[in-house]
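Letters A, B, C and D mark the chains in the order given here, with residues in each chain numbered from 1 onward.
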């Protein structure tokens, strides 16, 4: 089979070149750590006059750009550690990033709940612990398709990362202690639910091959952010039916009840058209109206991608006043500038 | 041939459903005009206390989302008129939008320089003229691949639309007269140059067919925003070589000379990965460094798409203090929030 | 042989035009895929479907009203370059009809005023590979057939349009979305010219059918 | 027949492991495409290429140093789940070696301590369809072959790992990226288990080659 067509240099260099390009795209607001694929906010919080700030470290495998690396900046993460494509970063890089951003108040890690990330971030935290740095974790487990609610720890992190990192960024900016920033971030994580669908696969640049095969008329419901299989593979129906099925999985899970207010994220997994996402949004809002759920804020576009996978995910974050405050706080980065 | 796979309802309804979804995505900051596919800022400038503001109307064919409709908002356009997929909007919709936003100071039209748009916007302006509304046009002609510089009026508008609309939005917000807003916007347009490349085609939802065919190892240099052919079709080389070729067409055209400062836009035409754009950014910055051109601001992502076409364009806008001021002014919309 | 058509007959003739245009959606789309952005067929289908619906609902008071109805529907619903040019053709052409029934002189005026309006609107000259390259020869042939009556004039116009479509193959586009193709546009006929020819051929067939009655 | 390997020989044995792992890139990637995210082969290639480079530059002072070199390189360069688990296996296994040459007892300790560390690190139990399902039976077989010397022990371990790979076909994944596949993971072996088996088979072949010398 023909390699998937892309405009690349040597495929072994994609991650190194991507982080280089990301730093340049930040117009001086980030830098690359020496010897590691770690993108660090510049000036640092301390350099910008904010002493003793709780550090926020995010990261995971590459290939999902603009996340996580695009979320380093004011009101967001202090650093992002970038693994290889679809592979968690290594403990040494995580530890180095932790040391770089710690200013005495400890560091909060926010990352997706995958075996690889958990193991590597845990090892990184242990190495950082050797340097007397306190670390706490929030692992994003928003994908309702990954496991039933009773086994929430088996759920993986998908586009809900965006909201959790956004809120963590604001919390770490404003809270005095790591524990307080952790509490708010953990609440955001606990209130976030997502589900994705895909109609065609992405590919890993080094292999050049689609990571799965799907029939010409098939859709995968519950697709993971690396092309991991979802809950069902079926004939692709009209957009409204697809959305209805996704919403039926999302709404009862938390649950999102009548009278509650949410932030809504429709995330493009890669090659879907914005048109499809906007058409979905119509129906999502219809479903939310029916359920009596209000929308405080909508995000729609490419945030956590799976290379050129075609499909999208829907994320709902249930808000209270505290979460709303942190969600609406200003933020500036390559991938997310608001407020 | 199999239809291109997408998540849609009835393909005849895509535009109607897309504008509906866009308005909902704006969280109350836009509304849809009765009887027309026109998205209008809400509250209007007048309702927000800004009397006699110069109106800014943008628009063109649909299928390029998030532009133009995603650029309606504070510091940006007062309204966007949405044609069918790849088809300019009709004169009656343009005239209706013009009347809706005019507050006595006249209306500036900003749109891409295509025969269809020119004819329809001109007719719309004539209809508006019948109602004593003054209209001025800035037609974006940024695509250097479309015609040689001597025939600049034969050039079409591609992603440079973003910068021109951004600056027009700020100018219309702050200038007292239509002529002054026009002057600044026309300067922005005159200083903008773009070029695009594509490795695979987008499709029009109603036909479900790719709009062109390209060999498995081919790239089209100078690809238009509707899949119109470019200047050459060749074997796809490494990313750095592709970028070098694009920059060699861009830099001498204005020209962008040693010591000048630019805004840089790398626009995803649809299905390319952010990774590819970031990798390109690396090389673009290298080329700009070599040419002694500084970058004031970088935008990178999906702005003017061609459905699921894979490829990207590079836009340079040469800045002076006035343009920089208007480029940096705050803006809020579905597609573009900064500052 | 009807050498004059009243408003009701013109309505029937234009309904035939609508039907033919809708039937040719795929052909027109494919032609536009070769040299443009691939939407001409669906644009024309939208426009002429709207025109058909308006015509079907219309109790026509005049020939002018029939032409204008088509032009207005096409302009509003097609969008793009072709919505503007064909909308302009029918709307400007309508003003040539006055209160008259459609006879040879009126049809010639329709084509000539329509052509002038299209050229004024879009600024394209003959040879630029547009629908003008079917319309201009049609108008010219109509003028040459002035003395021959309506049916012969429409046939002459349709034949000339057909030749115009063929001639457009050898033209390099200098306007519209085919413009940047340059030499690559050679060998492909212009989509809008094909549309123009289909419309005139539909009129010809209608009038020929009338004649045989 | 070498029933004890010094640090230089262990280095040669692990170079053989690196070579085999690099050769199996495509097979491992395909296995991961079936049940995971399709990157296992390229991850292992990155990790074991780095390990090979480090080993080639190494003047090994001890067996422990050789194992640790591999573990550290794999952990730093592979990333993902497999970087963590194989990195942990070699690094934790290294601590079992002390200053000894590699004999049967040391190899058994390597496997058992490595296994324990991997289980502690990732929390996966046997039957969860991971590399543990090759490693645990290998360690068990090694213990049973305790009295038979190093070469026989490695052979027994490699054979058991091979059976573990087969057995993993019938397991439903409950960890890693295959987790959500549920029943759909049935029939496919675990990629990491295949890697474990390839590594033990490479060791076995090395020791067998040594013996024939």
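Here is the rule we go by: a contact is a pair of C-beta atoms (placed from the backbone, for glycine too) under 8 Å apart; a residue touches a chain by one contact, two chains touch by 3 or more.
This one's a predicted model, so the numbers in the text were calculated from it and none came from an experiment.
For chain A, the chain whose average C-alpha position is most distant is C. For this pair, chain C with chain D, the centres built from the Cα atoms lie 75 Å apart. In terms of their C-alpha centroids, the spacing between chain A and chain C amounts to 54 Å. As a whole-number value, the distance joining the C-alpha centres of chain A and chain B reads 28 Å. Our note on geometry: chain A versus chain D, Cα centroid distance of 32 Å, whole angstroms. If you draw each protein chain as a dot and join the dots that touch, you get a simple line with two loose ends. Checking each pair of chains for touch leaves A-B, A-D, B-C. Taken in their complex, chain C has these residues touching chain B: 29, 33, 36-39, 41-43, 46, 75-85, 88, 121-122, 124, 174-181, 184.
Of all the residues in chain A, the ones that touch chain B in their complex are 2, 5-10, 14, 17-22, 24-27, 62-63, 65-66, 70, 197, 199-200, 202, 205, 216-217, 219, 236, 238-240, 242, 266, 268, 270-282, 285, 295-298, 300-302, 305, 307-308, 310-312, 334-335, 337-338.
On the chain B side of its complex with chain C, the touching residues are 61, 83-93, 114-116, 118-120, 122-123, 145-147, 154, 156, 204, 206-207, 209, 211-212, 222, 224, 226-231.
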